[in-house]
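Below are two complexes that have chain A in common, paired first with chain B and then with chain C.
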Partner chain A sequence: MNDTLALLQKFNAHPDSRCWYVAWNPKGTLLASCGGDRTIRIWGREGDSWECKTVLQDGHQRTVRKVAWSPCGNYLASASFDAKTCIWKKKNDDFECLTVLEGHENEVKCVAWAPSGNLLATCSRDKSVWIWEVDEENEYECVSVVNSHTQDVKHVVWHPTQELLASCSYDNNVCVYKEEDDDWECRATLEGHTSTVWGLTFDPSGQRLASCSDDCTVKIWKECQPEEGTDAAWKCVCTLSGFHGRTVYDIAWCPLTGALATACGDDGVRVFKEDETADPDQPAFSLSAHVPKAHTQDVNCIAWHPKEAGLLVSCSDNGEIAVWNYQSGV
Partner chain B sequence: MDSVITQSFHVEGYRKGFDEGTRQGMIDGRKHRASHGAKLSTEVSFDYGFGITWKCLLQNNTDVKARKRLKALESPLGLILKFPHEEPQYENLQEDMEKVRAKFRLVCSLLNVPTDFSDYVKSGGISF
Partner chain C sequence: MEEKALEVYDVIRTIRDPEKPNTLEELNVVCEECVEVQELGEDEYLIIIKFSPTVPHCSLATLIGLCLQVKLQRCLPFKHKLDIFISEGTHSTEEDINKQINDKERVAAAMENPNLRDIVEQCVTEPDD
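Coming up: the complex of A and B.
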């Protein structure tokens, strides 16, 4: 293989606890991480290394499971097991808590900002997905509560260009939602995984969705052209199996290169490349790079840098964050 | 001769057992249905009363927020009114109840009212 995945830096981000999630801000100048120690940490680049700039420690009473930056980069949302979602406003190097979104009955598992910046989605162990609207006065209001899943909802992700939302769950399914008459509804249920679906990511164009699961596979789904009057259907056009030894906890599609990275419960990080010669309706991916013991424990999250091609970050149950450089030989 | 007599005892024993099981099953089923039906109608009635109360409180208020909340209330109240109360075999019962519950949680979020009504209602769906 000409393709390489080289470790640039590894550091202990959340001492004595799990690091659950990492997210780059839209400009790629800051990295937010969150963990089992109930804190959110903001990391900035100092020369070749990443240093902790801020620690947000009074926002949540339990584990912070995920963080998400607003498209403008001025706000950060954090989802916690304390059933709350905090919205933080960036003020120079510090953050202040603007508001707390309440309503979920128990652990909030994910929060995601729509590309427009006007909508936010959250999902929870209470099986529901909530869609919130932000108005000009920075007030957040719930516009829809959708109960399409029958179990814990693990992740929500917005389409890169359309107002379309996808969620995945312990019920083994992926749901796709659209707005109809001021109400959000589930328009498609993607069945196929044989165990919990942990993560979702859209390709750069938004035409395909990749999901990763406890069944150790990754599935690629494509929206089929609907017939007159019927809802769009999503079909599974590719399954990557035999590559992961354990649960695949996270997946990320690089917006710059189209490479697909995964975070696995076997402590490994993998990058897949799409075969250019394959039929677009039957894509094929091959394993381009693999670091078997990227961390000493489960890898929980993987994220591509939004501006710098090949720059990748991962985090683990051992509290560490690792920064990687992926280079494709082709 | 013995085997014929034994055979007929088997048949009769089976028939009596089956009839007894059917009878007991009907009694248990009726109790189960009544208990779940009562829980469900307690929940639906509570939701309806809650919704109507807020509708009364909000309807004379002309500000934008109140209008939004009233509009949000219309949906679950409408669903409850359309509920086929006399049709125990209604297939979409669970789905419609989930919709009503989701709509009420949205309304509670808009009204800033906590959704813990466990003192009044024990909801949660039917499980087997």
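Coming up: the complex of A and C.
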């Protein structure tokens, strides 16, 4: 490992509670974080440090588990254990709750915006994945409820360019969905992990999907060329094992550099780089950088900056957010 | 390591059973030998607890697991990671229960459920708290 991961800043974001998730806005000028204190906080860069611009505290009655910015950057969605998903509209430094999406029977675990900005996906412990359509009047309508998982669905992520959705679950599987005749359905079930799958991320081209799990591994999946008349199949082309000491809670593939970062329950942050191999169907990854005690407790989330190559953010059970600089080939 | 194990055991043995007016120690749900401590690094320890619920009732076993998680998270003074399991052979659905107990997101959500939280609080609160 000759590459480095340096800490730029660390600050306490959610006092006395878990910071569950952190997300950059599309321009990379703001960070949204959410946590066990039921709040969403918006952070802006002030020179070398990050300042809290806004605290949204009346939106949810329970833990806010994840937040997601719309592709245009003007809206923020928040998913909560109170079974609701809130859509917030940005008005300068303030956010106004535009609408509340209800329907899930219990905790909403994730919300994700499709790159088009017209679709939203949510998932829940009720085992379902909901797809919502947004129209020009900001009206949200649920267009599909898919029940492909047999347990708690932990995360949903959209393909970077196609209208394709992936979800992962406590049932140890990953599901891939496509729209068919105005209805969303599961087109592939990716089996292989031996415990809960917590996170998913597509590579920059969208040809591969990486998943991370409670089984302490990361798996890379690739869509195989389907035969005539059959559905696409996804194959596991690489498994990274022996690197993580405990549950891997989150994974993020950098859209700019292709580096793969993980957030682990052993308090560590790791970055993997793809080896230059001959066979694209058998990729290999090496551990490029590792900070064993990135935080003093579990790392829950990891996210690459959308514009600045190498800039990485993580958050932890101890309520802290850390910003890192990853440099490769030093 | 033994000292650490005793420290851990001291925290869990007084947890009250959700249904009976006895502690987990009195009911033999936990015992000294069921606590294992491994050194993870500088001043950090991995704690493995194996408990034996008195009845094969699923929800009760999960509830006990929840009490163990909550009390240890709150009361252990040293840095630790925690794995809680049902003793092998003491339950028909032990894999299912173990998975739930060790899923911190599920534990967090359960503790935001007022009914569950009240029961857990009653079980873990010391008389002089």
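Here is the rule we use: the second predicted complex is superposed on the first by the 328 of 330 C-alpha atoms of A that agree within 3 Å, B and C clash if a C-alpha of one lies under 4 Å from a C-alpha of the other, contacts with A are read in each partner's own complex, and residues count from 1 in each chain.
Just so we're on the same page, contacts are C-beta pairs under 8 Å (C-beta built on N, C-alpha and C of every residue); 3 or more make two chains touch, one makes a residue touch a chain.
What you see is a predicted model, and the numbers here were worked out from it, not measured in a lab.
Counting the residues of chain A that each partner touches, chain B and chain C differ, and the larger count belongs to C. Touch criterion met: A:S144 reaches chain B, while chain C stays clear of it.
In the superposed model, A:Y170 lies in contact with chain C only, and not with chain B. In the superposition on chain A, A:S128 contacts chain B only, with no contact to chain C. Contact with chain C, but none with chain B, is seen for A:T63 once the two complexes are overlaid on the shared chain. Legend: residue contacts after superposition of the two complexes on their common chain; A:F81 is shown touching chain C, with no touch to chain B. Using the contact criterion defined above for the overlaid structures, shared-chain residue A:K90 touches neither chain B nor chain C, since it reaches no partner. Of the two partner chains, neither chain B nor chain C is touched by A:H193. In the superposition on chain A, no chain A position is in contact with chain B in one complex as well as with chain C in the other. Interface residues of chain C, counted against chain A in their complex, comprise 41, 79, 81, 99, 103-106, 108-109, 112. Residues 18, 36, 62-63, 65, 81, 106-107, 109, 125, 152, 154, 170, 195-196, 214, 246, 265-266, 292, 296, 298, 317 of chain A are the ones touching chain C in the complex. Of all the residues in chain A, the ones that touch chain B in their complex are 102-103, 105, 128, 130, 141-147, 183.
Here chain B touches chain A in the complex through residues 68, 75, 98-99, 101-103, 105-106, 108-110, 115, going by the rule given at the top.
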